[in-house]
Amino acid sequence: MKDLAGTVEFNRQLAPRYYHIRLRLSEQVDVLPGQFAMLRPAALAEPILRRALAIHRAEDASVEFIYLVLGQGLEALSRIREGERVDVLCPLGNTYPTESVIDEGRRAVIVAGGVGSPALFMLASELVGRGADVRVYFGGRTKHDLPALDEFEALGCPVTVTTDDGSAGERGFVTVPLERDLALAGREASVVYACGPWPMMARVSEIAAGHAAKCYVSLEARMACGFGICVACVVEVCEGSFAPPFKYQKVCTEGPVFPAEAIVW
Amino acid sequence: MKDLAGTVEFNRQLAPRYYHIRLRLSEQVDVLPGQFAMLRPAALAEPILRRALAIHRAEDASVEFIYLVLGQGLEALSRIREGERVDVLCPLGNTYPTESVIDEGRRAVIVAGGVGSPALFMLASELVGRGADVRVYFGGRTKHDLPALDEFEALGCPVTVTTDDGSAGERGFVTVPLERDLALAGREASVVYACGPWPMMARVSEIAAGHAAKCYVSLEARMACGFGICVACVVEVCEGSFAPPFKYQKVCTEGPVFPAEAIVW
Amino acid sequence: MVTPRENGRDPRLAVEVAGIRFHNPVLTASGCCGYGLEFEPLFDLSRIGGICTKGLSAKPMQGNPPARIQETPAGMLNAIGLQNIGARAFIEQKLPRLREYDVRVLTNVFGYTIDDYVEAIHILNDGDGIDGYELNISCPNVKEGGLIIGNDPRAAAEVTEAVKRVAKRPVIVKLSPNISDVAGMARAIESAGADALSLINTLVGVSIDIRTRRPRIANVTGGLSGPAIRPVAVRMVMQAAAAVQIPLIGIGGIATAEDAVEFLIAGAAAVQIGTASFYDPLATVKAVEGLSAYLDETGTESIRTLTGSLDLSPPPRGH
Amino acid sequence: MVTPRENGRDPRLAVEVAGIRFHNPVLTASGCCGYGLEFEPLFDLSRIGGICTKGLSAKPMQGNPPARIQETPAGMLNAIGLQNIGARAFIEQKLPRLREYDVRVLTNVFGYTIDDYVEAIHILNDGDGIDGYELNISCPNVKEGGLIIGNDPRAAAEVTEAVKRVAKRPVIVKLSPNISDVAGMARAIESAGADALSLINTLVGVSIDIRTRRPRIANVTGGLSGPAIRPVAVRMVMQAAAAVQIPLIGIGGIATAEDAVEFLIAGAAAVQIGTASFYDPLATVKAVEGLSAYLDETGTESIRTLTGSLDLSPPPRGH
């Protein structure tokens, strides 16, 4: 974890309210799939807090993010232009366990919901690169809510798309083709990695459990600091799933990736 | 007074911390010399208050301002670029009485201190245009603190420059050549118009009184609203100079131009 | 959905507070609108629900020396010192013109002793077109050695009772936020007969120039207002709503219709916009428009159903 | 002028508070630095004056359900609910490592009853390397019969006395800002034997989601912190400084050296930085550097001369 200055290489709009930003950092950092950063335009007076964004890509001293503007903070980020500065605390958080895929040869089933996809892209890319059997299920509300779909497709692994309104791919929830997939693959054959809205992840977790597939979820939570000092970003975990048996775990340091069965959904 | 949207036509740096901005307003307004506007970048979250700036030029639906960045508000304004929006409440305040110059043919002696000059430019320009005998005394700390000096010089009237450090014009305070001028011109020959730092205006007022010259000053004050609702921007006036005999007058509505003798210096 | 209109107005926005009918719940806050007329060049005063004047006293007051304000993060400090033309001059010079508009007029009144309040109210009782009184009790009490009346439930109740005895119009008492027990204060004032409460006034603050080491405001302390204080104001409205039956007017950092709705949900029947009018002179009329839009979007029948509609049931997991 | 250095430090910044020598006056605020070690990857902890830990209790605590925070204009609300590992675990798991740094360690302590405080202090008395205790008597998030100890001078004095009786180290009592009479509260706590005061804790606030009509924080109320509250904090430090002899630690919205200086001039001997560390993790070390720069620029001999140096003489005209 370092507090770095990022210089905007590009910051372009992908779809209504979706942006893709690339920053050159003042120092090189090593990033693991699933890790995130806390960002804000340099010297921004308001809003004061940084925003958490998953690291979508990282190479040398550059990092990329894909974000959906919900409010004032990311709105301010979306107005930043080439050459301007962004404060970047990174990399933060843990990573996805991949032993079962890499060492035991299980299938990697990646389930992305909307802007949850950036948190999964490095994972997909790395697993494909290592020759694993990877497939991606990507759901969005509309065809505009499938950020970086082209980048997932370019990886060469099968990508199944769903939208709530049928404007792209299959109409309906992403959990429908996921369930078909896991049923066909058989018990214990897969490791599921999911990131997306809470109800989607809750359902993915349930489906995975039903097929005895390991399941890891990358969670979001309201964060003030991103590195463990505010204790704001907690999620309730099942008894005994973390030691000592604390009911609340910090998403920023104990996560953002959790075994799905540890979470009280 | 109207609350208008301004679109930036240009916003360029003149010298370290000095900027010149031109805005196209959503509606045409009639501006009198000495009037001002309250501005802020549209939808700026912080700082919340608008900043008062004298209207340097106005034609059709465009207005120009020259400003010195002291803090966060004008700093934010300085970052605004062509095509971006600025909220503009204008025109505000009163104007300079010019009867003695126009009707009685007295000399107009304009004394500008640093960034006080924009508040005097329309006056100088208008008086020159009407064929009055106008001369300008322009003082600054250094040669960088003489904003729009070229524009004053282009008017064709005599312009005497002083700087505290001698980096341009005569070394010393602008009140030195002013005093010479008034002494030469004789009693009651001149009307002095001044805008600049408080101590400068206090001294100008004293000198003018010494030569029985009428003197009007354009004051600054910390303003929240600019149109009379907060009662923040007051200046202490001499007893009897305003009716009813209130000790404090609002610079934004009773001013910014006051007869120098009305002010408790 | 098209906003319903009657005489150019949205009837869903009408509210009644302290027996006064406002055609919408958006008022200007005291000290942030002069005597109302200052807005004439900007908008038709009949478009907002009410005007609450600058604090009036029986006699004119000069106010504090400058500097009177200082901007602070998302807010500002002020120590205007209650400069005003006096109750009589208000009635003679301002009220006739204000009455030309279809807007309710509350006169804000302050004093340093109970007699001060009573004297001002006696004068204002003569003012035709005044709809109600708002008592600013956040002034130092000269008799009690500078103690702030609004910080002491007993003193606040005494002022309220004394004013109620003479007032010919509804009395709204404006709470100080510089107290620990809002509920107790609200109850004391309700028991003393107030028709409504308005809250909050400003929080006491100080700002220092680190170069000169002087306070940035001549009066040393000032009142903190603006968006910065909104969470404190919403909390106090919520606590007061739970404590009393009389209606509440919410004040503190309201700049938009969304902010106003927050106060209504917390328990207010109407709101006042103060500091926001300084930096957005049309804030009040924009808020009125925004409230209609909010009712449209959310399919809410009337603004009155929002008051106190805070949902305290456990939220769904995951957000 | 070149900043003087001794062992890489600026000796002009050293201060003593409650008998504890800090090599500079910049501390982390409780609840805004975990147990201090979280900053290890970012900077050498020996660079700041002190660490004031997350509030500790005798037993571990789970804290409140999420959502625990909400951003507000120039600030944030929090209702963490004092989640902590407990005093014993702190001594065993965190303190040994903290002691490797040359930084003073204050443990913040809270409780719901006097016994809670005493029990926690008994445990912490065993912790070698703890320099002092800070008592949180003002956490607005935890209710004990609704009343908050820090809002009642008598209760606050009782806690202070009880703790002083058992504490082996200096006791700093942290004031609640949700009170009307800071001076009285400060005097009560001073009389009860406190070695220093720290102030302010958070202001109680509420934020409501106008779509769901639910509070944005699960606990309903939260504590307001950040730049928004700075003017209130500076004012309370100024008032407390006028009321007591014991030293003060200033807290509330401090983000930079300039902000820190404002508190020192108002009367503080040291400061704590809280919320700012969330959005500027290096805020504390930057403030230390900035204080040296301020001394250089202003030709000030030592940071100690700033404390209480507020100039209340009339300012020159014209501003």
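Before moving on, here are some points about what is shown:
Every chain is named by a letter (A, B, C and D) in the order it is written, and numbering of its residues begins at 1.
Please note the rule applied: contacts are C-beta pairs under 8 Å (C-beta built on N, C-alpha and C of every residue); 3 or more make two chains touch, one makes a residue touch a chain.
None of the values given here were measured: they were computed from a predicted structure.
Chains that touch both chain C and chain D: A, B.
Any chain touching chain A that also touches chain C appears here: B, D.
Pairwise, the chains sharing the most contacting C-beta pairs are C-D. At the far end from chain C, in terms of centres built from Cα atoms, lies A.
Distance from the chain A centre to the chain B centre is 55 Å, each centre being the mean of its Cα atoms. For the pair chain B and chain C, the distance between C-alpha centroids works out to 36 Å. Inter-chain centre distance (chain B to chain D, centres taken as mean C-alpha positions): 46 Å.
Across the assembly, chain C contributes 66-67, 73-75, 226-227, 319 as residues in contact with two or more other chains. Counting only residues that touch two or more partner chains, chain B has 45-47, 222, 236. If each chain is drawn as a node and touching chains are joined, the picture has every node linked to every other.
Across the complex, chain B meets chain D through its residues 45-46, 197-199, 202, 222, 236, 264-265. Residues 67, 72-75, 77, 148, 151, 176, 178-181, 203-208, 210-215, 218, 220-222, 224, 226-232, 234-235, 238, 253, 258, 261-262, 265-266, 294, 298, 309-313, 315, 319 of chain D are the ones that touch chain C when the two sit in their complex. Residues 1-3, 40, 45-50, 73, 87, 89, 221-222, 224-225, 227-236, 244, 246-248 of chain B touch chain C in their complex.
Chain contact summary for the complex, chain C toward chain B: residues 31-34, 38-39, 41-42, 54, 60, 62-63, 65-71, 73-76, 78, 80, 83, 85, 226-227, 275, 277-282.
Those residues of chain B that touch chain A in the shared complex are 45-47, 72.
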